[in-house]
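Naming follows writing order (A, B, C, D, E and F), and every chain is counted from residue 1.
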Amino acid sequence: MHLEAANLAARRGEDLIFEGLSFRLESGEALVLTGKNGSGKSTLLRVVAGLLHQEKGSVSFTDSLGNTHGRVGEISHYLGHRNAMKSELTVAENLDFWRCFLGDSHGASTVSIDEAAEAVGLEGITHLPFGYLSAGQQRRFAFAKLLIAHRPVWILDEPTAALDKSGDRLFAELVEAHRCNGGIVLAATHQPLGLEGAQELRMAGFAHAGPGVWE
Amino acid sequence: MHLEAANLAARRGEDLIFEGLSFRLESGEALVLTGKNGSGKSTLLRVVAGLLHQEKGSVSFTDSLGNTHGRVGEISHYLGHRNAMKSELTVAENLDFWRCFLGDSHGASTVSIDEAAEAVGLEGITHLPFGYLSAGQQRRFAFAKLLIAHRPVWILDEPTAALDKSGDRLFAELVEAHRCNGGIVLAATHQPLGLEGAQELRMAGFAHAGPGVWE
Amino acid sequence: MTHAFYVYGAYGFAALVAAAVTLWTWADGRARRKELAALEASGIRRRSARTTDGK
Amino acid sequence: MSETSLAITKFSDLANPTRFLALAARILPWMAGFTALCFIVGLYLSFTTEGDYQQGETVRIMYVHVPAAWLAMMGYTIMSLSAVGTLVWRHPLADVSAKAAAPLGAAFTLIALVTGSLWGKPMWGTWWVWDARLTSVFVLFLMYLGLIALNRAIDDPSKAARVSAVLILVGFVNIPIIKFSVEWWNTLHQSASVLRLDGPAIDPEFLRPLLVMAVAFTALFLTLHIMAIRNEIWRRRVAAQRRLAARLASREG
Amino acid sequence: MTALLLRDLKLSIRAGGGALIGVLFFLTIVAVIPFGVGPDLALLSRIGPAIVWIGALLAALLGLDRLFQAERDDGSLDLMLMQETPLVLTVLVKCLAHWVATSLPLVIASPLLGLFMNMSETAIGATMLTLLVGSPAITFIGAVGAAVAVALPRGGLLVSILVLPLTIPVLIFGVSATYAAVEGPSPFLPPFLILMALTLFFAVIGPVAAALALRHTSD
Amino acid sequence: MTALLLRDLKLSIRAGGGALIGVLFFLTIVAVIPFGVGPDLALLSRIGPAIVWIGALLAALLGLDRLFQAERDDGSLDLMLMQETPLVLTVLVKCLAHWVATSLPLVIASPLLGLFMNMSETAIGATMLTLLVGSPAITFIGAVGAAVAVALPRGGLLVSILVLPLTIPVLIFGVSATYAAVEGPSPFLPPFLILMALTLFFAVIGPVAAALALRHTSD
């Protein structure tokens, strides 16, 4: 099982943000993206998740049976800057919806909503509307979303934003557990995430701000 | 000039989040709020800013002439989790609006928009729509908003979220400059902010989850 | 001519709109060409121009 | 350079904006000359041929009304074809073509509406009726304006093009409605007498100027369309270079 | 997919705008028209079906522009775009939920309005039936506009402008089927069948186009 | 405050075209109506004023519910609440901007629509005048709903119940003043004066109530 990106390039507006980017992650490996603000970390993650069309190159996932998927998004969890939860619904309703919607097409056993809430350290408040939570609590439940349906690849954009110290630790443990189960993790960050043996990719930003096709 | 909070208590929903909280900040001082997720940091900041009604107690600001203001919000900048910028407008339009709207009722000279952009390290991209910026760039410009109109008190909720290392440094410098000018800073944070000689207040959360008036 | 107003009105209006569109397109082209020339003068060369210069 | 893998090799000469510009520069003078010539002949013919015994002199309005109406529909068809190019091949020139055709199509639709209206007053005794043909053309006009507005509301040009392309294609249902409205609903408006499967059913006396004017209008449309595409390419070039300049400046600073 | 349906229904009851707004708007229209046509009951009953149809059309526009914008704003749209379930299906289910929450109440309320407008029983029945069959088409067309609105900073009027012209065929056949049922002499079935065909047609075209637009606007 | 006005206008223009959009929207609605009620010009000219008023109501309602929600979602509302400038004034200016961006273009375009609907000159003039005077009331009423939507994030239904019923009197007096001017026999002035009174009343009540609701937002 591995995730491979070859010779990726992506454009934002008309500017080429990065070019010729390649990496390969085996089962259990993690890639941490660093780089200054605006250097293209989020852009790369969105390209890998299939939310942004790459300009060149390809991303592919090969599962343990040797089948290659071209659309990595389908076997990934994506945790972006926004939490993808409705503030009008309760946490339980939100999680329940995502559990059903994401489905569990990959056969692995997953945890229940209460267990997921416990895993992120917030058991007992799943009956509250999501909008009534503090920023860090919201982020924790957004993270709980990753636990309720199995996906081999996790794509995380600044996952520990708004988390306190214990939240950071908790996060590191959950990611390690996922890696031990053979999962792959891609994360963009500005703070140390505490992931052992993770590869690091420093984004530089603005590969090439050329006039593109119009010349 | 000083900011004083006496015996504050605040409620969120039906729960009392904190109680009997007092502090006093002289000109040039800073207060850093720490504590785990959901411990009431944001709640306290919103109470001080006047955005949330306190249950008990009072907050007041005494200016250099000895006049006391009951509504601290009017002489404060508040930087919350959200950036208060419109993604449809360009950065310059956003900043220009806030400059006019916030006014400069307090006589101190402030910097121009270009200078503010330079101060946050992002000169030359103020013509872009705010929505086209990366998370960290957006946060930096939200911070630039504090520079374009003078307010003696800065109330900052996790100001360095999404900022890179150089952003953190830049932030610390700007806050120090504000304090040197006699400003007062309140900040909630999970990461060290690099502020020298700041007081720290650890929030504990759930002072008292009692049935409140119903008993 | 019977109904001269309607006939000339129709031709006149068609001519007016066609002329307006033509003029607008032409003026737009001129403005763009001027902008390009100004950019060229200010030293930002087209990449393709640069590569053909090199050859 | 990005390999905008164009499936149709025949178009590959146009694929590259620079080459398109060179081609446009070469053929535009000829097209402009041809357009002018057609208009001279067409206008001469349309004012010298005889009037209709039934419609009198007003039949001359036909020589502008009908070509304009055809061009209104053709403009939308061109936009739809470009939209397919945008969505299927992601071709930037298709984006530009669709964007450039919208104001032109709107202009020709306006001509068709107003000349039809000017014809309607003497023929039907009213400027405007809400019959199917007239309203569907009016709807076409609104769609053109809506698409122009949509394009202006999104400031990333390639995103604007892709979004518009979807709507253009959905809106294409209106074209058959316009074309066949006279047959599907019995209305005041004339039914098709030129563009018919069984050949034109119209006196050659009227057909000749009509066809010449139709050619002239088409030539005008195409000339303007190429000019507008060229302008749009230039506009994007300017924007690209401005961005580059800003980037370089901020990097030096 | 039922989960999505249920969530969207729940949201439309709880979140701003609200499901009721369509019905109330509908009522407002029906309340105002009699002032326009005056106390002429015969005329009122004649144009009744048309007014009900126009009201339903306009009411469906309320809130439609936020169908996908709200999902984009909180990041849910990203996750929906990534799934294996075809996006077309997701869009279809969201359309259904929107229809159940906003148009179905109108269909149910239409007999009441028919009474206000002094319509005969046949007219009321025919209006209700044609609305039931035809109103989903409006939602499906509107979904295309809503998907386009994702690329826009805010929805508002522009979406309605883009969407309304496309709904005209639905309106034409909906109204003419109703009139055929009431007055004759033309038969009821042909326009009604065309209306059904239109709904089925847009049930395919709408979600496909909306999904296409959503795929092309994400960034 | 002019800064706020300008910003809100800019925002609504960014959504596409600005004033032009309002006019286009109106034109689209008017183009749709004849498909419903049929091409009968006499009938069209009779229901014309009512249609124009309904169009204005719909245009105002589309997007009005997001008036403060959009500000809350990006955090701007917090800053507005903190300022020294009275909140009532801020609300008033936002209402004005909304009115200028959505309703004023309609008022200006209404003569054009009148022509399309075959209305007489008096009817056109009267419609324009009543719209000019009455449409701000709709905005002010809507502002209360918009503020309540922010204060009660889960009070969706409440908003619609609050807003639309309140607009019905405005609509009724607006339309009936127009008809009084056109047809008689009832005089034009009484309903028109009531319309003015309504607008003035809501110009005070609306912003005050909205400001009150905003101050008491749950967090």
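Definition applied: a residue touches a chain if its C-beta (ideal position, glycine included) is under 8 Å from a C-beta of that chain, and two chains touch if they have at least 3 such contacts.
None of the values given here were measured: they were computed from a predicted structure.
Engineer: Looking at the contacts, which chains touch subunit A and subunit F alike?
Structural biologist: B, D, E
Engineer: Average the CA atoms of each chain to get its centre, and name the chain whose centre is farthest from that of subunit D.
Structural biologist: Using the mean of the C-alpha atoms as each chain's centre, the farthest one from subunit D is B.
Engineer: Let me spell it out: compute each chain's centre from its C-alpha atoms, then which one is farthest from subunit F's centre?
Structural biologist: A
Engineer: Which pairing of chains gives the most C-beta pairs in contact?
Structural biologist: Greatest number of C-beta pairs in contact occurs for E-F.
Engineer: With chain centres taken as the means of their Cα atoms, state the distance from subunit D to subunit F in Å.
Structural biologist: 36
Engineer: On a C-alpha centroid basis, what's the spacing between subunit A and subunit C, in Å?
Structural biologist: So the centroids are 49 Å from each other.
Engineer: Between subunit D and subunit E, what distance separates the C-alpha centroids? Give it in angstrom.
Structural biologist: 32
Engineer: Tell me, which residues of subunit B touch at least two other chains?
Structural biologist: 12, 81, 87-88
Engineer: Residue numbers in subunit D touching 2 or more other chains?
Structural biologist: Residues 18, 135, 139, 142, 145-146, 149-150, 153, 156, 237, 241, 244 of subunit D touch two or more partner chains.
Engineer: Pull out every residue in subunit E that's touching 2 or more other chains.
Structural biologist: Where subunit E meets two or more other chains at a single residue, that happens at 14-15, 73, 152-154, 158, 161, 165, 168, 219.
Engineer: Under the definition above, what is the set of subunit D residues touching subunit A in their complex?
Structural biologist: 1-4, 17-18, 92, 156, 233, 236-237, 239-241, 243-244, 247-248
Engineer: Going by the contact rule at the top, pick out the subunit F residues touching subunit B in the complex.
Structural biologist: Within the complex, subunit F contacts subunit B at residues 2-4, 6-7, 10-11, 14-15, 73-76, 78-84, 219.
Engineer: Write out the stretch or stretches of subunit A touching subunit F in their complex.
Structural biologist: Listed in rising order, the residues of subunit A that touch subunit F are 87-88, 129, 131.
Engineer: Within their complex, state which residues of subunit D touch subunit E.
Structural biologist: Per the touch definition, subunit D meets subunit E at residues 87, 135-136, 139, 142-143, 145-147, 149-150, 153-154, 156, 159-160, 162-163, 165-167, 169-171, 173-174, 177.
Engineer: Spell out the residues on subunit B that touch subunit A in their complex, using ranges where they run on.
Structural biologist: Where subunit B meets subunit A, its residues are 12-13, 35-38, 42-43, 81, 132-137, 139-140, 158, 161-167, 190-191.
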